[in-house]
Structure formats: C-alpha cells, structure tokens
Amino acid sequence: MLIRVINPNTTASMTRSIGRAAERVAAPGVIVQAVNPGSGPASIESHYDEALAVPGIVEEIVAGDAEGVDGYVLACFGDPGLLAAREIAHGPVVGMAEAAMRTAAYLGRSFSVVTTLARTIGRAQDLAVQFGVAQACAGYHAIDLPVLEVDTDPATYASLLEACRRALAGDRSDVIVLGCAGFAGLAPTLQNDLGAPVVDGVAAGVATVRGLIDQGLSTSRVLEFARPPAKEYAGTLSRFAL
Amino acid sequence: MLIRVINPNTTASMTRSIGRAAERVAAPGVIVQAVNPGSGPASIESHYDEALAVPGIVEEIVAGDAEGVDGYVLACFGDPGLLAAREIAHGPVVGMAEAAMRTAAYLGRSFSVVTTLARTIGRAQDLAVQFGVAQACAGYHAIDLPVLEVDTDPATYASLLEACRRALAGDRSDVIVLGCAGFAGLAPTLQNDLGAPVVDGVAAGVATVRGLIDQGLSTSRVLEFARPPAKEYAGTLSRFAL
Amino acid sequence: MLIRVINPNTTASMTRSIGRAAERVAAPGVIVQAVNPGSGPASIESHYDEALAVPGIVEEIVAGDAEGVDGYVLACFGDPGLLAAREIAHGPVVGMAEAAMRTAAYLGRSFSVVTTLARTIGRAQDLAVQFGVAQACAGYHAIDLPVLEVDTDPATYASLLEACRRALAGDRSDVIVLGCAGFAGLAPTLQNDLGAPVVDGVAAGVATVRGLIDQGLSTSRVLEFARPPAKEYAGTLSRFAL
Amino acid sequence: MLIRVINPNTTASMTRSIGRAAERVAAPGVIVQAVNPGSGPASIESHYDEALAVPGIVEEIVAGDAEGVDGYVLACFGDPGLLAAREIAHGPVVGMAEAAMRTAAYLGRSFSVVTTLARTIGRAQDLAVQFGVAQACAGYHAIDLPVLEVDTDPATYASLLEACRRALAGDRSDVIVLGCAGFAGLAPTLQNDLGAPVVDGVAAGVATVRGLIDQGLSTSRVLEFARPPAKEYAGTLSRFAL
Amino acid sequence: MLIRVINPNTTASMTRSIGRAAERVAAPGVIVQAVNPGSGPASIESHYDEALAVPGIVEEIVAGDAEGVDGYVLACFGDPGLLAAREIAHGPVVGMAEAAMRTAAYLGRSFSVVTTLARTIGRAQDLAVQFGVAQACAGYHAIDLPVLEVDTDPATYASLLEACRRALAGDRSDVIVLGCAGFAGLAPTLQNDLGAPVVDGVAAGVATVRGLIDQGLSTSRVLEFARPPAKEYAGTLSRFAL
Amino acid sequence: MLIRVINPNTTASMTRSIGRAAERVAAPGVIVQAVNPGSGPASIESHYDEALAVPGIVEEIVAGDAEGVDGYVLACFGDPGLLAAREIAHGPVVGMAEAAMRTAAYLGRSFSVVTTLARTIGRAQDLAVQFGVAQACAGYHAIDLPVLEVDTDPATYASLLEACRRALAGDRSDVIVLGCAGFAGLAPTLQNDLGAPVVDGVAAGVATVRGLIDQGLSTSRVLEFARPPAKEYAGTLSRFAL
C-alpha cells in the first residue's frame, strides 16, 4: 500500500519532519512518501496562502496517481483544496484537520485546538463546522509563532506545552488537537507531559486513509465527486485542463 | 495487537458472522476476537433491548481487560453503553455506528443509513446528532426485517439492494451506511452491485480502533471519562461494583 | 391518580428525601409513591452507574404497572433509561432533567444547571441537546460533592447557594436548575435566598406527569415507542424477556 | 387558584369553546376563567393580526392582575405578545403553542402540527425554534379553513382527521399538535379516532401553568423580564404607560 | 425614490438624529424622510415597549403607502413588527437590526453588538437567530444607559468607545454593530477611533432598501406575506381593519 | 465610484452578459467594469474548477487595486476565493451567492436555489451554512445544463421557468435565487412570469458592494482579514508573493 502525504507548502525541511511523523503509524506493507509541490507558498498562514497552495497540491495528486498511489493525506491544518482533491484523486483523500478532529472525538467529549497564528483560527472554525465537530471543539488557541519558526525556535515546545495546559483547564476539554503540521513530531512528548491524549493530524490522517484503503473504500463517484467535466483551461493554467 | 469485537446480543451465529466481517480488515500483527455476552437479549431491536444489553457488554470488557485486550468495537448499530464502556475499558472503545457514520463522511457529502426495523431509526438519529453527522445523513431507511431473520431469510440481499438503490436516488446521497451488524458480510457485494461506497460499521470499527492504538491514543482520563468513583452495588447487580 | 417516583439508586434515605419533595406538588386525589430498586448502584455518578441503574428501573416499572400506576417520574438528573422506560410503561414517563429544564424554559430566557460532580456535566449537556434546551442552558456548574454526602454534609447548602449566585451572575441567566435529586428539598429555601426561580426536577416531574395524565395523554405507540418485540433473554437477565 | 385563559381575538363564541376545553384539565381548587379583549381582530390569521392582538392581551393581563389572577394562558397558537406578557403579569404566563409543542415532546420523538391556514405556518416554525422543538417538529400541515369557519363548518372534523392521518404517516411522527385554539374541543375525539396522542394547547397550557403555580414558580425578574422601565406613552396609546 | 425611515418611538429629537444618519447614504435621486408615530412609547426598552410600538408603525406605513413611499426602514434595533410591516407595506421593509447584522457579515467573520440596556440583549439574540447571524455574533454588550439619555449624556461617547474596545478584544471579533438607533450619528467617529468597521443599522437599512428597490425587488406575495385576510377589528383598534 | 465585477472564468461572452446584468443597478456616479482573468477554466462546474479559478481572481484584484477600484463582486455562484480576496483587496469584496442568498432573506421566509448542474449543489449548501442562510434555503434544483450552453441553448429559458415553478410549489418557498452567473440576464423576465421575486446575484452583489462603499465600510483588518504575512512563493507561482 502506497500512501502519499502532501505537505502543501514548499519548505522541504517541514516535509521531512512531516514524513517522520507519518512513519510513526506506517504498518507492515504500508509505504508512506512525504512530498511537497515545487511551486507555491513557503508556508500557509492565511486564506490567501491556502488558496494558492491548491495548484501545487493538484500537481502532486496527478503525479501520485501516475505512480500508483493508493491514498493521500493533505498535511496542512487548513485542509486546502480537500474537495477538489477528492474529485480528481484515484484513491481516498484525507485532510489532516479532518482526521485530527474526528479522531479526537473518539477519545472524549471535547477537544481544544492549539495552533500557531491567531489569524488561522477562523479557518479551523469553518472546518469544524464542515466536519461536524464544532460542538466538540471547546476552544481554539494560538501561540503566536510563524509556521516556519516552529522548527527553529527552541522555545516552541515550552510555549506549546503551556498553551495546551491552559487550553485543557480553561476549556474543560478532554483532548488536545495540534493545529499545525509543524507540530507533528511533538505529539508523543506532549501527550506524555500533559497526561491527556494529543492528536497529531499527520498521524491521524495516515491511520485514517490506511483504514479506508483496507476497507476497500474510496470517494463516491455518484454525484458531487464524480470526475469534473473536461474543459479548456486558458493561459498560464492551461496545463490543468483535465 | 488484540482487538475484541463485542456483539452485544447473545446469538452466537451472529457473532461468528461479525467475526468474519472484522477479519476483512485485520492486518499483520492484529488479532481480532469476536465475542458475545452470556446474558441479555437475543437481538437488539428497541431502546429496551439496547439498555439491557449493557450489563453483558460490561462483563465482556472486564473480561477483555483481564486478557490484555488493546481496544474494543461494539458491534451493534445502536452503540449501546458506549460512554460507560469508555469509562471502564483500559484501551479505546469504538461504536460501530460511530465508526460507520464518521467513515462515510470521508467518502462524500452525505450518506443514507439502511437498517432492519423502522422503530430503530430514532436511535440512529440520536447517534447522528451525538457524533456530529446529522447534517451529513441524508436519510434513514428500513427494510422491515427482524434482526435474526437477516441471516436466514434468502430474500434479504435483494431487499437490501433495492432499499440501497432507492436511498441513493431518493436522498441524492453519495454513500450507503449499513445500519445493522447483521448486514456486515454483505458490504463488499453491495458496493459492487451499487457502484457506490458501502460502509459496514464492523469493519469501520476495527479499522478505527486499530488506528487509534497505532497512534498511541486512548480515552482521555482528564475529567468525564476518568474511572468511575468506587461504590457499593446492591442486590443481583452487586458483581458490578468497581 | 397514582404517580410513582423512581429513585434509580438503592439508597433508601435519598428515596425518602425525594418523596418529601414530590409531596410538595401532590394535589387532592393524587397519590405519590417514592420507591427505589433493590439492586444497582448506591448512587449515580458516572455513565457506568447510569447504565447499570436501568435494570432496577425496569423492575420498578413492571411492578408499578402491576399495581396500577398511572405515570412515572425518573428521579435522577441523568434521566437513565428514559426511552426504554417509555417503551414498556403503561402510562407516561417523565425524566427529572427533562422536566426541570423544560420547566425552566417557561420562566426566562436562560437557566444555569448546578450539580454535584463535574464529571456528570457531559451527561447533562447531552440531555439538553436531546430535550431542545441546549440554547437556553447558559452554563453548567459543579460543587464537587459526592451525591451521598449531599444530605450528610452540613456545608452543602452554603456551598450550593454560593454556586447558584455565581452561576446567575456569571452566566447572565434567569433561572437555576438543580442538577441532582439529592438537592430536591433545598429548592424553596434557595429560591427565597436567591430572589430567582429555582427548579427542582422532582417537583417539576411530578407536576408534569400529573398534567399529562389529566390531559389523557401518554406515550405514542405509533412507531418508535410501540411495545418492544418479544424475544428470548439469556442468562442472568432472562427475567427481562417481555 | 385562579387561572385566566386569554383568547386574544374578539370573537366571544370562540372564547366560550376555549373555556370548555380549558375546563377539561381544571382540578379541585382550580378556577379557570376564559376571557377575550374588547378591542382587536376578530380572528388571528397573519403577522398583522398577531401584532395588533397584543394591546388587547395587555389589557386583559392588567385587569387579571387587579383581580388576583395566579397565572395566564395565551390561547392563540401564535403565542402573540408572550414575552411582553411575561414582563408585566404578576404570575407565570404560558403560550398555547409553547405548551402544546413542549408537551408533545414528552410523548414521542416527533410531532406534526396541523393548523388552519398555510400562511400561519411560518409563525409556527419561528416559535418551534424559539421553544427548542424545531428538531422534534416533523411537519406542518394546513387544512385551508379560515379560523372563524372552524366552528361553523360541519366538514371541519372530517377534514382535520384526514389531515392528521396524512401527517402521521407522511412525517413518520408520533404525536399530533393542534395548531389553532379553534380546534381545542376536538382533541379527545381525534385522539380516539387516530390511535395516537393529540395535544391541544389550551389544555396543555392550563396544565402547565397550574403546575408552575403549584411549584411556586413564576417568571424570573433577574434581568430581561424585570418590570419594564416606566415612561411616557403618547397619543391614543397613552393608557399603556406603566 | 422615496424611502421612509420610521423611528418607532415618539421622541422627535431622536427622529431628527436618525434622519441625519440616514442622509449619509442617500444618493442622487433618493429622498429619505424620517418620521415617528404620534402614539406609543417615548422609547423602546422592553418587550412591552416593542409590542406597543407596532400600532404606530402600522399607521406610518399606511400613511407612507398613501404618499407613494417606495420602501421602509424600521429604525429601532428590536425590529418591532417587521413581519407585520412586510405583509402590509407596498414596497420592501428592512429592519435596522437585520440590516446591521447582515451588513457586518460582509466585513469579517464575527461582530459584537454594543447596545444601551442589558435587558434588551435577549431580543437581539432572538433576532440574530431569526436572521441567521447567531454564529457570527461573538458577543452582546450593554453600556447601561437609558435610550433617551444617549443624546443628552455627554459621557455617552467615551463610555461607548470603551465598551466597543472591550468587545473587540474580549470577543476576538472583527466588527462593531451599534445596537440602538440613538447611536446612529456616532458610527463614523467610532470607526475612526477604533480602527475597525462600525455598522450603524440606520445607514445599513437605507443602503439595503435602496438596493432592493434598484433591483426591482419587494416582499414576496406568494404565501406567508400575501396581504392579510380582511376582517373586522373591534373597539378602540377598529381603525386597523384592512 | 468604481466597482469591478470579476467573472472568474475565462469566457468573454459570459463576462459581457454579466456586465449587462450589473449595469441594471448602476446608479449615477457608479461605474461598473466587468472583467475576467486571462488564465483559468472556461467555466466553473466542479470544486476543481472553483479552486483553479482563484489565481485568476487574485490577479484581477491586484490589477483592480492598482486602477483604484473601490469594491469587487465575484460573479460565480460558488464565490471562489472569497475569503482570500477579502484579505488582499483594498475595498470590500462581495460574492454573488452571498449577496443573492442574503438579499432573498429580506423578501420572504425562504428561497429556492435553481442552478445548472446538480453536482454544484453541494457547494451551494456549504455556502448557505457559511452565510447563515441554510435554514432559509428551502431547496436546491438543477436544470442539468452545462454552464456554457446557458447562453446558446434556446430552450434554457423555458426549462429554467419550469424549474422555478416546480421549486416554488414543491419547496413552499417565497423567492427564487438564480444559482449561476449565466442566468443573470434572465431575472427580470422570470420575475415577471413567475409573479414571485427572482434574485440575480450579480445585481445583488453590485447593489450590496455599492451600499458598503456608500456607508464607508470595508473588510475589517483587526485579525483574520489583516493583510497576509509576506513570504516567498516558489516556482511558477512566484509572482503571487505579496
């Protein structure tokens, strides 16, 4: 089984870190490949970045399908282009926010999301509504750190741990959901230090898509997610014509 | 990894059929054991049956924990006793309705539930609200067949297939969710005949709990799902004192 | 008119206190009997206790129906087994949480629930959704006292009064709903001291079921709440076969 | 105990019929008086009628308070002026739609509303949201008969019975809620003919307000429903200055 | 184009101030007239005032239709009588709360309402639900000032500015909605001082109704908002018979 | 005042038709320019097309801001890239679905959406939730016509009229919302033939953004919609670095 984890930004060091987190849930017979597009934003911190990451994601899916990929994980907590990806990918596609928040729902009544920048909380709220977990999400918290400083800033872990503690107590919640792919590697240590479940969406996404493939399930082609009608694409985007 | 699938009714032939469906998603290193309690209803077709299936489920969890079970699946579409089971089981517990409906949400916008008796639809609606998938559930349909006749009635498959076809068309939905553990073995054939994803909650439950275990996740003990306070139990239920 | 108030735990002193609260709203021609099962938990403080209280409730309903009871009140704020009870009881069945929260809705825009243990708040939230009062419930508050210490702890009243005051002010709510049958006797004094309506679900339940009986109304048998299909019950639960 | 049932329209024959329905649930020691204002619409069939019925209702409450009335029922399914009435009445105030729809919720999962004119369905939907029963209301049905012809048209009963039958079957609902005070007298016969519970809001309102009074409960004066600030009223409405 | 802005209270100085705020968005060819009824409450600060303002509003609409008014704005944040007004007015009718809250939704994810008296917040919450903006409304705040002191109290602006600042920060919201027609003139200065959009419902209402008229749109007469059935009105309200 | 209406697809004939519809609501002093990007899909009929239309929209906004555009309308019923557009545009941005559905809410209780392809209904439902009008939307209907055949197929009007008639009757709705920019020119004739309000989102969008500009309102920069953080964009998308 071949699972492709797409980091939708173009920062290779983050892709490697995502790959390591994904490996944690790879089982015998499961190959996980972490990739990122060649074009697009270096990090995703706004609706603008989110939208402009989608062409790169599409290219990674088209390439993955050509290589026989069985299923995809989108490794950015905004789940950019998720519905478009489902229309075109051959196998199932799982967003990391979707997987993280639904996974958390199996572990308690409510969860708190802890993320990087406060301006991205609105997007997480929209996704929580879309995924039916708005009621279960007890609070959204930001540690005010740019995405690309997560890896390099040595104070990240302490700051994140403190934010998680405050979130659990202040929200009276049961579970922490990490709201950035950059946090993926920190989940096990955090869970240990907090004494509460910590869900990393990269691992949750890989576990979920693996389960779908094992069940023989993929995106329904009955109606909304049938292959898009073929048509002309003009100008610099002409390569995207299906 | 040892996963126990609990059929909450006392009909052994149904337990065996559930076990076969569960095996479909067992992976290398995963042992799935299908069990049923020694006391309780022969089938679950009412709120009354649902409630009185819980003592038997509790006994199967206590026994499972003693045997080192890593995680549980409740194999009845009413997810009886799910929250109580979470409080006492050592590992994660997943209900088959919960797993089926959340799994369906990865495959399209909406799903239709097809079940046995119309009187159980209310329970499914309550669960859909609890699991955050009420919006995604486009309709509930019953084929008006008692649970224990599913296996023995040769007309079941034709009737079920027809109900699924009508559900997809009438609800304009993307996915079928099978609303009875008795249907578990029929999912692959149905999916083939319908040309649309068919989710069986037994397989979905096993895949989900396996994924949780692989991620190192279990029920949060922070607040609501901490171990229940110890206390006296009187009379014929005294063996349930924790 | 004969109304049976079922205390679902097995502590007789609590049953007597519930009986006294129920008497407050008995009218000429209305006989209220407070009972508790012989088997089950000594108090209800978890989903586990809640679930295992149901067999005892069922026995009290079967016995009550044999005695000609006209209607039932379930006197535990978790309303355990409410839907199962409706299926089998001859007359109407009202849960105390259901009655308390709906009664509060006639008295103002919003109410605050004050209960014993924080771990039971999740159950109250689920019930608020089920009963359509989630929007009206402005907050849930716990005084962190085990149920069986409510009667014996002389500091209970002061602690409860203080929690109610904080709830009204902090939630900007209009009404207090007492979230434990053990508090039933304290409602009139609390209302007096707070200067705001205080709803005790035992009294609210008796008033509500009496009103249903006076209107000639009982549970609909049209579909979901028709009598459960007869079937075999195995093992130690065989006496529950209908 | 003195309960005043206010028919908000000015048609005396309808007031008498409402009075008879209210008497059905009067108990020993309970006096029910049915009244109507001297000014306002002859029937209530629009938002316009609804709004212009309120001054008359206010006058009936002011007069009732002067006579020592203990509680009020508003006997029009639109519950006109309910919140204003709560602000000024000394005792509790219950709307008939509010009482009917909440009462129905004790009897099954869902109910169907059957009313006179289709144009009033929107108002009923707004009330269902306000009272937290929108989820429980499975459908709204109109028999297309002006309110004042209900009493005089001999075909009313047959037409209503037929509409109730279609509603129960088509909505898969458990209970009928009668959506017009003009139907009040027909509830017992309808219930008998349908074999399903039929809730008349006049009786439900009287039973509810009686229960509130017995519990010593009335509208909270803490915040929103404190007595309105005194002020000048100009012109033809100057008598309404508090 | 002739737009009538109805101040539903009888205080002429407030009508003039509303008129000035309305003028801010009048365009070439648009005449805005601000009026108030001759009878009714001097200010609107309760459900009672709200209800008794409606007869005066009706009179202003009947008079306006006779003068050829093209559309109406109701200039009180409780939108009193909005649905009744729609039934009878010839052109479109827009409430100022409705327009303000929907306008705010174009400017960010969430808004905070800042109003005069805390007791009116419940009404604003009801309207937010009715208009579909409950999710977008992040908080309601009161400055505890009677409506008629807004103009005369020199400390109003400072107090309002401070409340808006606290609302934006505490609610993490994007936009301020002014919750009283008395605040209308202060919006531009507040917006300047806050550095965040401030929506005044009088201006929003005029802009909205002007847009509807330009599009050739008015209230649908298909069903609920068809002209009310003609009928007798008794007593002092007889002039309201249609 | 300069308003730019962006047709997000690259079909110039559709842009011209949208421009004509927009002109209908241009007032004295308002210049409306209809444009389309040079690169991207020829029509928008899937999530895939929707996502890949965003780079073109971004380019049109950057160009518009350079020309001094005061506000934008996105003229595709999927409102592609709306939140990203709000982050970067200098003035307010209004989506045509957003404007159409909110405008319809002023005209009655409920509306029906009539669109081209059934597969786009899911997107409209997501938007209805996002804009708070899900409750008001009574139904979604498709005429099964590719977007680019709307103009050329002579049977379009008859088919659309018939679908609108069925929608109003079957949904018991008050208003039609046209769910495709290609229908914009047909609104006045449809409204005339149906005898019910017909809202075209292009006109509604222009009227709305004009109103915002007249009120001095634009997107809040307080938090989520502040200008995105500057960063590197790699590869073929490097021109999108802010």
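We just call them A, B, C, D, E and F in the order they show up, numbering each chain from 1.
Note that a residue touches a chain if its C-beta (ideal position, glycine included) is under 8 Å from a C-beta of that chain, and two chains touch if they have at least 3 such contacts.
The structure presented is a predicted model; accordingly, all values stated were derived computationally and were not measured.
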item	value
Chain pair among A-B, C-D or A-F whose interface repeats that of D-E, sharing over half of the contact pairs by residue number	A-F
From chain E, the most remote chain by mean C-alpha position	B
Computed distance of Cα centres, chain E from chain B, in Å	52
Length of the line joining the C-alpha centres of chain E and chain F, rounded to whole Å	28
Residue list for chain C, restricted to those that touch at least two other chains	109, 118, 121-122, 172, 223-224
Chain F to chain A touching residues, read off their complex	10, 37-43, 45-52, 54-56, 58, 81, 83-84, 86-88, 117-119, 121-122, 126, 129-130, 146, 223-224, 226, 228-229, 231-238, 240, 242
Chain A partner contacts - residues on chain B that touch it in the complex	24-25, 27-29, 92, 94, 98, 102-103, 105-109, 131-136, 168, 172-175, 188, 191, 195-197, 199-200, 203-204, 207-208, 210-212, 214-225
